[in-house]
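I am attaching a structure below and will ask some questions about it afterwards.
Which chain is which? They are A, B and C, in the order written, and residues in each are numbered from 1.
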Amino acid sequence: MQKISLSTRQREVLVDITSSVQEALRQTGISSGICVLYCPHTTAAITINEGADPSVAHDMVMGLRRLIPGNWDFTHMEGNSDAHIKASLIGPSVTVIIDVGRPVVGTWQMIFFCEFDGPRKREFFVRVQPGEKTG
Amino acid sequence: MQKISLSTRQREVLVDITSSVQEALRQTGISSGICVLYCPHTTAAITINEGADPSVAHDMVMGLRRLIPGNWDFTHMEGNSDAHIKASLIGPSVTVIIDVGRPVVGTWQMIFFCEFDGPRKREFFVRVQPGEKTG
Amino acid sequence: MQKISLSTRQREVLVDITSSVQEALRQTGISSGICVLYCPHTTAAITINEGADPSVAHDMVMGLRRLIPGNWDFTHMEGNSDAHIKASLIGPSVTVIIDVGRPVVGTWQMIFFCEFDGPRKREFFVRVQPGEKTG
């Protein structure tokens, strides 16, 4: 398992982690299998979405804020229940298929660390599971 | 890894892909392990929900449209930011357990490809990871 | 694959299943790999979020109810379409990384079975996939 650190610079922001994941995969030397990405934080998450146009990430952050505003009648005293809900809606883990030594993502897909209660120092975990030998 | 193609016929629709997944699994000959289903598109997703009554899929499409309407103050010029957000809320991948040669889903569960910006030609990927031999 | 049963006592409630998952993992004797948790129900789900302060789980239940109320113009006659939508938003499965014999979750993270249409008798499945031997 590999741990990758990052720093987020706003309260809510999507950070492109695609190249970190590719590098972690490369270090394992595994060319076929699956790759589990895991977020150990309760106000952050991991997703995959369009990375070509940065306005998509912007609209996701804005849309999620509009969906779950911070001013609902929450009881958690830290005042970040909106971030906890967003974290579970997006989800703590994503699994990507590995083939020919690369994550098999779509043309427009990038992997994003979703910060919902930053800025903070964060980390995520990468675990590559080798698949059946086919050679 | 197997690629399965499909065509969606409406802007927003859930397409039952259960039998395609079962057939892909059968072709691997793997009877125990896990099966990762992955959607390489940024305005579509994969989920598992009730398939017995088609009104559930209908209500999911309607409910998600009401949750995130297309007319919010989005900046992405393609005009489909609602579909991108829905894709990340549902998620790009689902992992199913394989036991005795079959996906272990619940009585009422079917696997759905979730189209949020169709109609389009789409595809999804299936990767079966064998489990530990127990024999 | 292991099946774990539980009973939920309210319509909407998050039940901490962390220790059941840890015990299931212990029984496999597998110290490195991944663990797939799967919910075979269509009005329930599995997530990971903060468990230290129970008000977070309370706020999640309340926030999701406010997000998708039961009184929208649904067609499914059972009257629980809100629960079906919540189930797909949270998702039917979560994958956790196993390292040194333990699920590698964050300091504040606990694993929750999310009931959206209880009270009911429920179950979830645990499948541990061993990783590559590194010794």
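We adopt the following convention: a contact is a pair of C-beta atoms (placed from the backbone, for glycine too) under 8 Å apart; a residue touches a chain by one contact, two chains touch by 3 or more.
Quick caveat: nothing in here was measured; it's all calculated off a predicted structure.
> Looking at which chains touch, is this a line, ring, star, complete or other?
Per interface graph, the chains form a complete graph.
> Can you check whether chain B and chain C touch via the same residue numbers (shared by over half) or via different ones?
On the two sides of the chain C and chain B interface, the residue numbers are mostly different, under half being shared.
> Taking the mean of the CA coordinates per chain, how far is chain B from chain C in Å?
So the centre of chain B lies 19 Å away from the centre of chain C.
> Do you know which chain B residues sit against two or more other chains?
Chain B, residues with two or more chain partners: 67, 89, 91, 95, 129.
> Residue numbers of chain B touching chain C in their complex, please.
So the residues of chain B in touch with chain C come to 33-34, 47-50, 53, 55-56, 58-60, 62-64, 66-67, 89-91, 94-97, 99, 104-109, 129, 131-132.
> Which stretch or stretches of chain A touch chain C in the complex?
It comes out as residues 1, 30, 36, 38-42, 67-68, 72-78, 81-82, 84-85, 87-89, 91-93, 95, 125, 127, 129-130.
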